[in-house]
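The structure that follows is given in the form of structure tokens.
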Amino acid sequence: MARAVSVRRRTIATAAAWLIGFLIFFPILWTIITSFKTELEAFSTPPKFLFFEWTTENYGIVQERSNYLRFVSNSLILSIGSTLVALLFAIPAAWAMAFAPAKRTKDLLMWMLSTKMMPPVGALIPVYLIFRDMGLLDSRGGLIAVLFLMNLPIIVWMLYTYFKEIPGEILEAARMDGASLWKELVYVLAPMAVPGIASTLLLNVILAWNEAFWTLNLTTSAAAPLTAFIASYSSPEGLFWAKLSAASTMAIAPILVLGWFAQKQLVRGLTFGAVK
Amino acid sequence: MATQQTRLLGKLAVAPSVIVLFLWMIVPLALTIYFSLLRYNLLDPGNESFVGFFNYEYFLSDPAFFAAIGNSLKLVFAVLAISIVGGTLLALLLDQAIVGRNIVRLMVIAPFFIMPTVSALVWKNMFMHPVSGLFAWLMKSVGLEPIDWFAQYPLTAVIIMVAWQWLPFATLILLTAIQSLDEEQKEAAEMDGTPPISYFYYIVLPHLARPITVVILIETIFLLNVFAEIYVTGSGGPAGNLPYLVYFQGLLNFDVGGASAGGIVAVVLANIVAFFLIRMIGRNLEG
Amino acid sequence: MGTIVLKDVQKRFGDVTIIPNANLAIENGEFVVFVGPSGCGKSTLLRLIAGLEDVSAGEIIIDGSNAAQLPPAKRGLSMVFQSYALYPHMSVRNNIAFGLKMAGQPKAEIDAKVAKAAQVLNLADYLDRKPRQLSGGQRQRVAIGRAIVRQPKAFLFDEPLSNLDAALRVNMRIEIMQLHKSLGATMIYVTHDQVEAMTMADRIVVLNKGNIEQVGSPLELYNRPDSLFVAGFIGSPKMNFLTGEAATKHQAHTIGVRPEHIALSDRAGEWEGTIALAEHLGADTFLHIDAGRHGRLTVRAAGEYHLGPGSKIWLTPEKGRIHRFDDKGRAIR
């Protein structure tokens, strides 16, 4: 039950929270503000916070210079593609683990989790060489495969925890009602699990979008997503702050919005259901 | 519990995921182990030869290797300390009756969604630049000498930007955990007249023990694998951290054998952590 | 028709035996209740009949043919689950119609059957609502509606009333009994509540640790329990058990007397004791009496009893109402 909290305590807590929240958020805010400055003003000392000539020219320049749209579409294709492929594998697996568990199901779940612990550097060299020999370097297909495998354990786990919350009796009722397994999945389980499947999709798109080990190491240009696009600003263009800011803003904005929607699922997905 | 027919379908449904993950785990690992025992340079193809543990010896005698491991571990510990302590305090603060809590929470969680390459470049240039960065301006305006972060304290600089990304994660998880603290338990403590400090120590902290452990272990896994921040800022040279050293040795120096040996060391390191993580999450599964 | 015969049915999960060996014949139109404490295997037995679990051995004969290997949908049974198991994303109408749709019946026929079931169950005004917009009792009715439209050979109920509050439970009990009467269909009903069993059943099957302890009409079980277990399980408050001297006097290892079969006196009687506690229910008073070496006994007195805690009291069991058991807990007749 909500109760009255003393006004003083509430004021202090609110002020402190807003201050800290603002400080943490500031680098992002600063990037967005800087993206609307001219290069000259971006460098000015003392820095200009709000009172400067706002301009959107940087966004145009960034797109012109390096074809932002190609990187964005690569990011979209890689993150959504790898997540969809993973869902295709994970939905049946999670259904089986949640509703038709065998003796080994728990071990299997733990084992899937353990594959996630493999540090990517342990696999970098052979994967790089295999990709080179198969002509998969800098290809979207190859990268989708890697990102799919990276995130498959998390996706299975998340779906499993969501499916677990659906009472098995409802699926049994469908079986009593004469539904085949396929109809049981399509008419009963899937509609009930829509929120869970949607949040799994959301979180994994975010993870794949920001993945910066494989995307940096296995792409050069054709399949390069936004992570690589930004990395190309490390030098010497990094000195053009306004353009760097514009590029950064364009790279983070979509996922920041998605991420804010996915907060709750994030906790659950990244802790493998240990914290809800 | 289910019928045999359902169980059979279940096995068929699980099989594809298990097979691809098994291949993904075992093939690269086996190859990495194999390469680590070879003299194998991409600039000198066709001249691979078996050299036993030479690559490991070479690595172990290379000061950069120990520097890289040291940096990896320092990075992990520092970021963990910052995010756990800061995250707990921040979560407690956000659990208070705050006006506009949802907006504050959005601001706090935001850095976690920032692409590592973006975060690295923004911090390096716009904040830590020794002449025109915001930090330099702040220090000059209070009369201090600006710090050249990436020249003087490259590791600290990386720690700051990585902690900025992971503090929100810890906060979010611990806040979720605090909010799941049973309302009746809170009220019972209040009826007992528990003072805030004891309340935190005897009620909140034990309740947070499990989520804190989860945060520690998960962050460790990710922090051991930090790569983009070091790749983009170039801080610390080849010895930035272990993943970067492996990349450097393999894809920049073309020394496949040596890089593979480094990769195996990283695998062993991660497995030590994973051992504890898996056990703990497994125990939670029982509940 | 709806006869169900279990022949040497066994169920094991791995090394754990849940049902060692069950034999039972259920007549067409009968209302049979499986009752027993939790973990006695009553739900498992029901799920075996439904086909939601495989039998480890034995036959389940429905209407004369062995159905033990058939999937649930092919057995022609319907089931009402403890949690109701309504499809949360479907309207009441679609919940009831789902089974008929799966069977591929024509739409007009489905609509007619749903309308009829809704009318019987007073659900006509709620057909377009979602289950979450209904009260517990209404959800229960939807679950029943889903079961009756398929015109099954038999209905299976798995503790269907345990999620309802006490008052509603009594109402639903009566509704289910009326439904049984009007449909004349075979019903198997699982419960742990012996009051439900006694009031609803034509025949009760008492289960204990996976074994069928006794099968009989409610009054048979009440009057002639075959074992200590049945004697203790059926009847409320529980039967009093006495061992030692009081039992040997009747040539038994243990004797049992129901609380309602003990006469009270403030002057003389067979056993002597002190009232420890009196529970006043209005119509009755339950007296808990410390009877020395006979232990604590419960006695039911009609109306209000004039003596209270601390009073001395004498007890006398009614002749012919004393149940005798041997050292294995079996009734001596």
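Here the chain labels run A, B and C in written order, and each chain numbers its own residues starting at 1.
The rule is short, and it goes like this: a contact is a pair of C-beta atoms (placed from the backbone, for glycine too) under 8 Å apart; a residue touches a chain by one contact, two chains touch by 3 or more.
Keep in mind it's a predicted model, so treat the numbers as computed, not measured.
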{"item": "Touching both chain A and chain C (chains)", "value": "B"}
{"item": "More contacts between chains, B-C or A-B", "value": "A-B"}
{"item": "Chain whose averaged C-alpha position falls nearest the assembly-wide average", "value": "A"}
{"item": "Cα-centroid distance, chain A relative to chain C, in whole angstrom", "value": "53"}
{"item": "Geometric centre distance via CA averages, chain B-chain A, whole Å", "value": "16"}
{"item": "CA centroid of chain B to CA centroid of chain C, Å", "value": "57"}
{"item": "Of all residues in chain B, the ones touching two or more other chains", "value": "2"}
{"item": "Per-residue overlap in chain C, given as positions that touch at least 2 other chains", "value": "52, 71"}
{"item": "Complex interface listing, chain C residues touching chain A", "value": "14, 50, 52, 71-73, 77-79, 81-83, 85-89, 98-99, 102-103, 146, 150"}
{"item": "Residues of chain A touching chain B in the complex", "value": "1, 5, 9-10, 13-14, 16-18, 20-22, 24-25, 27-28, 30-31, 34, 43, 45-47, 89-90, 92-93, 95-97, 99-102, 106, 108-110, 112-130, 149, 152-153, 156, 181, 206, 209-210, 212-213, 216-217, 226-228, 230-231, 233-234, 238-239, 241, 244-245, 248, 251-252, 255-256, 258-260, 263-264, 266-267, 270-276"}
{"item": "Contact set on chain B toward chain A in their complex", "value": "2, 6-7, 9-11, 13-14, 16-18, 20-21, 24-25, 27-29, 31-32, 35, 90, 93-94, 96-101, 103-119, 121-127, 132, 134, 137, 141, 164, 167-169, 172-173, 176-177, 180, 183, 210-211, 214-215, 218, 221, 224-225, 227-228, 231-234, 242-243, 246-247, 250-251, 256, 259-260, 262-264, 266-267, 269-271, 273-274, 277-278, 280-282, 284-285"}
{"item": "Chain A - residues contacting chain C, complex", "value": "103, 167, 169-170, 172-179, 183, 187-188, 191-192"}
{"item": "Residue ranges of chain C touching chain B (in the complex, touch as defined)", "value": "13, 51-54, 71"}
